[in-house]
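Below, chain A partners chain B and then partners chain C, in two separate complexes.
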Partner chain A sequence: MKALALAIVVLVGGLLISATVDFPDWGDPASPAALHVSPRYIEKSMEETSVPNIVTSVLADYRGFDTMFETTVVFTAGVACFLLLRRREPRPGPSRVYRHRASGVIVEMSQAPDTEPAPEVFKRIDDDWTPHDLIVMNVCRLLIPFIQLFGLYVIAHGHHSPGGGFQGGVILGASVILLALSWDLRTASLRMKEVATGLMSAIGVFIYAGVGALALAMGGNFLDYAALAPILRVDPVAARSLGIFFVEVGVGLAVMATMVLIYKNLASEGRLDQGL
Partner chain B sequence: MIWQIDLAVLILVLICAVGALAVKDLMGAAILFGAYSFLMCILWAVMGAVDVAFTEASVGAGVSTVFFVAAVFRTSRRSKD
Partner chain C sequence: MNLAVSIILGVGLVFFLGGAVGILRFPDFYSRLHPAGKMDTLGSFLMLGALALYHLHPFTLDNVLVAIKIALIVVFYFLASPTATHAIVDAGIRAGQAAWQKPGRGAGS
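Let's look at the complex of A and B:
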């Protein structure tokens, strides 16, 4: 059976590799893909949308409908993870583990205490695996604001440089995940609650679709940002540039919240009490 | 494109891809997959597709590796086959 599988793999792989010989050269301007709509995007995108980064203008304006449903796919993935993994019942064995802050001694209680010990004396830690590394915790605490600032920059500067809502949203989500990894899941959950992640991922998609519907209500086509010019009090070209920014903010919100939602459910087996 | 660098990165991509499939330890496979994503990111950047390279670096090498590691921590670390 293995020999048969290997033979099929070698045969199909050989066919694919022999087919790549017929590919157009890398960067060939006469290749079929570069002849259809690409020249129009390259020549007209600056004068139609005033966005120097053509990738962003194609992604969020010319092909805005595609990107809206990509955002919906991310949102759906988050909802699917939530529905599959989220569990309401507590962990079996209600033992609690605490670390005495001053001495570093770890205390395990066989059942959860009626009143939580004072948090400035005893810090609650996870049952299974909790490294206590002062350097990692403090370096991450110092870095996270800068990572989040960079994420915002990537979202807002997507018109002029590589980046945009997806990348910026992932960076913002990764900063919260880094907090959960270097401190613990409860600290990250204090900063970004479960309700917040769910609401923000839905609001992100809503912003995107809402901008499109607003354009529809203003008499343009769906996602035709030029129709928003009377509201924004700018000319239609600048309105398209601004419209791209609004939908990128929506994409960034949805992606950030979904990444945090998926991570929390994965790392804590859906209980959101403790994790990596 | 400098073809020597290209060739070296492509060979490393192949090694990472085969390694991620062959390794029994799923944690190792997750890390190899992250390395694979990062090398692909270098290739995209060399080819001038900087937006794709950015996405590959943040999603492929960053967050999805974390998701894989979290999933391995909560399931089993050894591959059955």
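Let's look at the complex of A and C:
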């Protein structure tokens, strides 16, 4: 049986390898993929959309419909994670663990689920993992604003350099996750609440589809940003460039919020009270 | 100028090489993190510094901006890399990883 499996693997592998010989050369301008629509994008995208980064113009303008549903897929992944993992009941066991702020002594308290000791005296910590690392916490506190600034830059600069909504959104989401890792999940949840992640995720998709529907309402095709020119008071080419920026913002919001939503649910087993 | 840049790049490369050899040759988790954290930081400081210097050559505003951006990468690396190493070592200690000892001394091997 093993010999048969090996024979099949070798045969199929050999076929696949022999088929690669017939592939067009790497970067061959005469290959079928480079002859269909690519020349038009390369020649016309600058004059039609005034976006120097052709990848961005193809992604968000010429194939905007595709990207809209990619964003929807990201949103759906977040919603699926939320629906599968989120649990409302509190963690089993009545006790919670606190650190006395002044002395650093760690105490375990049993109490009713809704009462908390004074937060300026006792800081709640996770019961299995209690990082209290001054260096990591403070370096992350120092770096996170710059990481977020860079994320905004990547979103806004997608017209001119590699970047755009997906990449910038991931950087923004990672900055919030870094806060959750270096401080704790409750601190990150205070900064970005669960409702905010869910809403922003949906609003991001809504911005994308809304820009498309607005173009429809203005008499153009769906996602034809040139139709937005009368509202934006610019010429149609600049309107396409601006329209790409608007949908990139939507993509960035959706990706960031979904990343944070998935992380929070996975890290805390759906309870959002404590976790990695 | 080019000579100075080449020399600094070469020195940075030596540090990177030392770091790579150290990661391969040192005996355990903690001592391997030592070259990973230190040599990489110094090596990238030297190499990125050399690149920033190289970019300054026609002294225009654009080139200075590029050099400042490279310098900012160095600053980020200087903060992030040692902190990451520190966090990994911390996690190792919390997870109960024992430090290596010379064979024949104490219980470790």
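One rule holds in what follows: the second predicted complex is superposed on the first by the 259 of 276 C-alpha atoms of A that agree within 3 Å, B and C clash if a C-alpha of one lies under 4 Å from a C-alpha of the other, contacts with A are read in each partner's own complex, and residues count from 1 in each chain.
Just so we're on the same page, contacts are C-beta pairs under 8 Å (C-beta built on N, C-alpha and C of every residue); 3 or more make two chains touch, one makes a residue touch a chain.
Computed from a prediction, not measured in an experiment: that's the story for all the values here.
Enquirer: Clash or fit: chain B and chain C on chain A?
Expert: Fit - chain B and chain C, as placed by superposing on chain A, sit side by side.
Enquirer: Between chain B and chain C, whom does A:M109 touch in the aligned arrangement: first, second, both, or neither?
Expert: In the superposed model, A:M109 contacts neither chain B nor chain C.
Enquirer: A:A267 contacts which: chain B (first), chain C (second), both, neither?
Expert: first
Enquirer: Given the touch rule stated above, what does A:I231 touch, chain B (first), chain C (second), both, or neither?
Expert: Neither partner.
Enquirer: Should A:V139 be classified as contacting the first partner (chain B), the second (chain C), both, or neither?
Expert: Only chain C; A:V139 stays clear of chain B.
Enquirer: With the two complexes superposed on chain A, say which partner A:G173 touches: chain B (first), chain C (second), both, or neither.
Expert: Touch partner of A:G173: chain B, not chain C.
Enquirer: Going by the contact rule set out at the top, does A:G275 touch chain B (first), chain C (second), both, or neither?
Expert: A:G275 contacts chain B only, not chain C.
Enquirer: Once the two complexes are aligned on their shared chain, state how close chain B comes to chain C by Cα atoms, in whole Å.
Expert: 13
Enquirer: What part of chain A is shared between its chain B contacts and its chain C contacts?
Expert: 129
Enquirer: For the complex, which residues does chain B have touching chain A?
Expert: These residues of chain B touch chain A: 1, 47-48, 50-51, 53-55, 58-59, 62-63, 66-67, 69-71, 73-74.
Enquirer: In their complex, what parts of chain C are in touch with chain A?
Expert: Its residues touching chain A are 76, 79-80, 83, 86-87, 90, 94.
Enquirer: Going by the contact rule set out above, which residues of chain A touch chain C in the complex?
Expert: It is residues 129, 131, 133, 135-136, 139-140, 142-143, 146 of chain A that touch chain C.
Enquirer: Spell out the part of chain A that touches chain B in their complex, as residue ranges.
Expert: Touch list, chain A to chain B: 26-27, 53, 55-56, 129, 154, 162-164, 166-167, 170-171, 173-174, 177, 181, 259, 262-263, 266-267, 269, 275-276.
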